[in-house]
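Just below sit the structures, each encoded as structure tokens.
Same chain, two partners: chain A is paired with chain B first, then with chain C.
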Partner chain A sequence: MQALGDFWRAYQSTVAFAIVNAFFALSTYAVLSAGILSFATVTYAAMGGFVGARLVLQSGLDPMLLLPAAAGAGALLAYIVALIFLRLESHWMALASLALILITRVVVINVPSVTGGVNGLSLPVKLPLFVLAILLAVAIAVFYRLSVSWFGIASRAVREDPAVASSIGIAPRRIQTIAFVISGAVGGLGGMLLALVLQFLSPDTYFVNIAFTMIAAVVLGGSYHWIGAIIGAAVFTALPVIAQAIVPHFQEVANGIVLLLIMIFLPRGLIDPRAIRLRRAAHGASADAARGAARIVEGKP
Partner chain B sequence: MELFLEQLINGCAIGSLYAMFGLGFGIVFATLGILNAAHGSYASWAAIAALAAVEQLKLPFIVALPIGVVAGGMLAVLVDQIAFQPLRRRGSEMLGALITSIAFWIILDNLAGTATGQQSLSFPRGSYPGTMFRLGDIPLPAMQVITIAAMLIVTVSLHLLIRHSRFGAAMRAVGWNQTAAALGGVNPRHVVIITAFIAGATSGLAGVLGGITTQNVSFLLGEGLLLKGFAAVVVGGYDDVRGTAIAGVGLGILEVMTSQYLSSGLRDGITYALLLSFLLLRPRGLFGSAGFSRA
Partner chain C sequence: MTPASGSTVASPPLLDVAAIAKHFGGVTAVSDLSMQVRTGSVAGLMGPNGAGKTTLVNLISGLLPSDSGTIRFAGVEIQRSPAYDIASQGIARTYQNVRLFSGMTVLEQVMAGCYVRRGASLWASFLGLPKARAAYKAVERHARELLERVQLSAQANLLAETLSYGEQRRVEIARALGTSPRLLLLDEPTAGMNVQESNEIGNLVHSLRDGGLTVLMVEHNVRLVKEFCDHVTVMNFGRLLATGTPAECIAHPDVQAAYFGNTADAERIRALR
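Up next is the complex of A and B:
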């Protein structure tokens, strides 16, 4: 029992980081499921993180009350970004979102009154782990409901082929804007959670590292289902910790190697709804064939 | 006035680094259609290889520089064959190549961090040309002259190669459509490998020279060059070598002038703001050709 308690204490922060990364991954998945590759989650996270941290520091309120403000700030920023970026072609938009992250860092450094500038912002407020878990459960419920709703089906259509989708009456621009707003809300919330977990924000907190690892987590876990984002984030956070026990000094490299292997052998990620459906159909077909053969042997029509 | 000229030359030197890196990055983007996030680490590793040649093998600058360049090229070929070739055979699109390049970016940058002991090393004094020329009243370090000269030589050579040689035609054909190029008598496999080597070597050259002039040999060197080189490629136009070079030097000059006359905090901001504006308003860059796609 004691060993379990020690184990929990040692890995509590890993679980907290895994949950925060899951939020970032879900935010990236939200736009990817509508057919857009965008790194702008980092910008929404920076917005939510700094706005939330400033509000906590200046108003002294319980951070849980201010979480919706962070999500709202992220959603608003995402709406503005969507208005400007959605006119671009897909690969220019991905590059533009990368440029947006770079500019975010410059802005963060140059507004010290809000962000603490180069020195960073210290946030001596903590959030208990069970709150993070409850928030993740809420996010899971939201994404599940979205995926089985009209919006989920419409996003899948837009992702497959926007031209065909618009020909059957789905407006891709509208679906993608909604996807951006959802991504912004989840990303802003994730940003504030990261601030509360780290308890210190610097200009490098919301930068290219998060962008790359979060898109990698989504693709690793499976970019065709929301649960893939969560699993990918969990793997990406837990893998270096496990690797540290086996090959210290090279634990980060383990992430890269696993990602490389997945991209070469399982390009649709770990959780692939199409592969699951095909396997189920194959089992069903072979079960039917076996049943049919048994009936012939027994002489039934 | 002297300060302005001195900063102008500084800007040219830094811009030459961005231009050279951008050339390598742009070749991969234009001919192989891959946005390679790992390209910066070729530059970092080239600098580390050159530094090792100078410190461990006690080789002079004139030998260490080609060693670094070749190291960058070979690393690029290695990554291309391990990471991108399996995807090419499967026929996957840009996202797959980007994610795989991110995987290699993680691997190579972390290995580079371990190789430099998580610090930023610098080339020992005397291992590189340190003479100070004088242009009137303005001091001109030898390394800056070498950097700018290297950029000019590389740009002209690459332009002649790509636009006026048979191999360049083969490169452009493979970039357009590999199967059609093969039907026309080109071996795509060879072209891809040699293109990757040239791209890696060019960026490696930028890495070695950058590592010397900025006194910073670490994985951060490559990351910094990647972002600025990427900006140079977008602003200049990714399918024109001359455009990338002009844009790179221009960005370098703009950065140095902004840092000097406006504020050093905005130094990176001007580059990224230009990058974003071009992506939003003129994605093909200053000198690029307009792409078209059939429905």
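Up next is the complex of A and C:
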């Protein structure tokens, strides 16, 4: 009974982290789906996390009420980042966003009035797991609506070929700016959720480790559909936990091997709508051929 | 010979390119080029490889900024406008090498082409407001009509990259038509096609013109230019070489020289036939 309780406790925190990582992965997916590789999600997360935590401590309000503030802070920051980043070529943008992560840490250390500086910030408030799940469901609904709306069509066009997209009247910068703002809101929200799950924030909370997890989640989960980001986040949150249980000393190696296997055999990620469509088309064609053959056999052209 | 060539001389040109120039480093791609396209005509743009035809199409559609000169579309200067703005003003184009969006079905490609005519804000579309839903359905109907027009209705739900080359070119034309253009720029629409397929494209272009669309097409095939174009502009080394009816241009000694080397060579080649 004790063991079962321990297992659930460990399992529960893994689920909580998986949900938080899903927010980071969705934030990265938001810009990637408009053709931008950016690690700036970490910075939006820090913004949302520290602003949210500070507001909770200062006001004593229910953190649920302050989640919009964290999302808004992330979105505002992302808008400013977009104004600067969208002047850069894509690979420079990726590099600049890595630089932004390093700058974030320095800033976090140097504004102790908000972040607690090197000592960090403890946040003695907890969010129940079901609230996290509900928030993820809301995020899923938003990403679903985005994908089936005109924004989804436009961002796919911009991602595949910005020049062609603009020659059919889609303004790539505008679509990408919107993508940045969505990324910022989701990243800021994820940052505050991480603060509430950890209940303690330090300058190292929002650092390259998040960037690694979220990029692995979104690229290997499948960067062509929002489900890929969520599944990727679940896989890359659970993977280290499972690997530690099965091969305690080779956990990192096991992680690496899984990554390699996915990259080699599923280069477009675990969830790939294009492959699914191709497979469906092939099935349709072979079904048609079979029907045609049956007709010939029966002597009815 | 063609009905449009005599009747609309007095009307102002839909497209008016004046002394346009474009250099890439030290290379002059287009230099001091002027040309006009009359409303309701099918204009041909000819010239040997490297003459600057595609560069000119890129300048008109706003994909490249020009160095000097003006481009007027329906009287409005567009040479400084971004490509998406030019597209929404009514100029659509296709590409020399087919450039479809990977991973999209044929219908989705054409829907993307309808973006500027979507009839709902991005926000209303995201919220799925009834008005936006109705507008979306109307756009989808329109996209299906366009696919019917290019004879691809049966392929609507297939991934565009699985279609044949000729079909992909027609998808691209349908996508361009999605913007409801007044001027359609076709960059070598029949490249790599057989006689029957190119004739189909020619007939499609004629039916579009009869529906009120103006077309400017880059075309190498002399037979097609003769048969389907009302007016021709010939370029060489980025400059205007000749302009006039297809027959006039093809007979022009400079054009013959540009294509065959010189007039004597041209005669010799003709004698060999």
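Here is the rule we use: the second predicted complex is superposed on the first by the 291 of 301 C-alpha atoms of A that agree within 3 Å, B and C clash if a C-alpha of one lies under 4 Å from a C-alpha of the other, contacts with A are read in each partner's own complex, and residues count from 1 in each chain.
In the analysis below, a contact is a pair of C-beta atoms (placed from the backbone, for glycine too) under 8 Å apart; a residue touches a chain by one contact, two chains touch by 3 or more.
Every value quoted in this text rests on a predicted model; they were computed, and no experiment measured them.
J.: Following the overlay on chain A, give me a clash-or-fit verdict for chain B and chain C.
T.: fit
J.: Using C-alpha centres in the superposed arrangement, which angle lies between chain B and chain C as seen from chain A, in steps of 10 degrees?
T.: Vertex chain A, arms to chain B and chain C: 90 degrees.
J.: Determine, under the contact definition given at the top, whether A:224 touches first (chain B), second (chain C), both, or neither.
T.: A:224 sits against chain C, while chain B stays out of touch.
J.: Given the touch rule stated above, what does A:86 touch, chain B (first), chain C (second), both, or neither?
T.: Touch status of A:86: no partner.
J.: See if chain A has more residues touched by chain B or by chain C, and give me that chain.
T.: The partner that reaches more residues of chain A in the superposed model: B.
J.: Per the contact definition in the header, classify A:150: touching chain B only (first), chain C only (second), both, or neither.
T.: A:150 sits against chain C, while chain B stays out of touch.
J.: Which partner does A:163 reach: the first (chain B), the second (chain C), both, or neither?
T.: Both partners, chain B and chain C.
J.: With both complexes overlaid on chain A, does A:270 touch chain B (first), chain C (second), both or neither?
T.: Neither partner.
J.: What is the contact status of A:140 with respect to chain B (first) and chain C (second): first, second, both, or neither?
T.: A:140 contacts neither chain B nor chain C.
J.: Of the partners chain B and chain C, which touch A:281 in the superposed model: first, second, both, neither?
T.: Only chain C; A:281 stays clear of chain B.
J.: Could you grab the smallest C-alpha gap between chain B and chain C in the overlay, to the nearest Å?
T.: 9
J.: Which residues form the common part of the chain A surface touched by chain B and by chain C?
T.: 163
J.: What does chain B use to touch chain A in their complex?
T.: 35, 37, 82-83, 86-87, 90, 92, 94-96, 98-100, 102-107, 110-111, 114, 223, 227, 230-231, 234, 265-266, 268-269, 272-273, 275-276, 279-280, 283, 295
J.: Provide the residue numbers of chain A that touch chain C in the complex, in ascending order.
T.: Listed in rising order, the residues are 145-146, 149-151, 153-154, 156-157, 160-161, 163-172, 178, 224, 273-274, 277-278, 281.
J.: Tell me, which parts of chain A touch chain B in their complex?
T.: Going by the criterion above, the answer is residues 37, 84-85, 88-89, 91-92, 94-96, 98-100, 102-103, 105-107, 109-110, 163, 208, 212-213, 215-216, 219, 249-250, 252-253, 255-257, 259-260, 263-264, 267.
J.: Under the touch definition given earlier, write down the residues of chain C that touch chain A in their complex.
T.: Result: residues 61-63, 82-84, 87-88, 92-93, 95, 99, 101-105, 108, 111-113, 115-116, 118, 120, 122, 125-128, 136, 158-159, 162, 175-176, 178-179 of chain C touch chain A.
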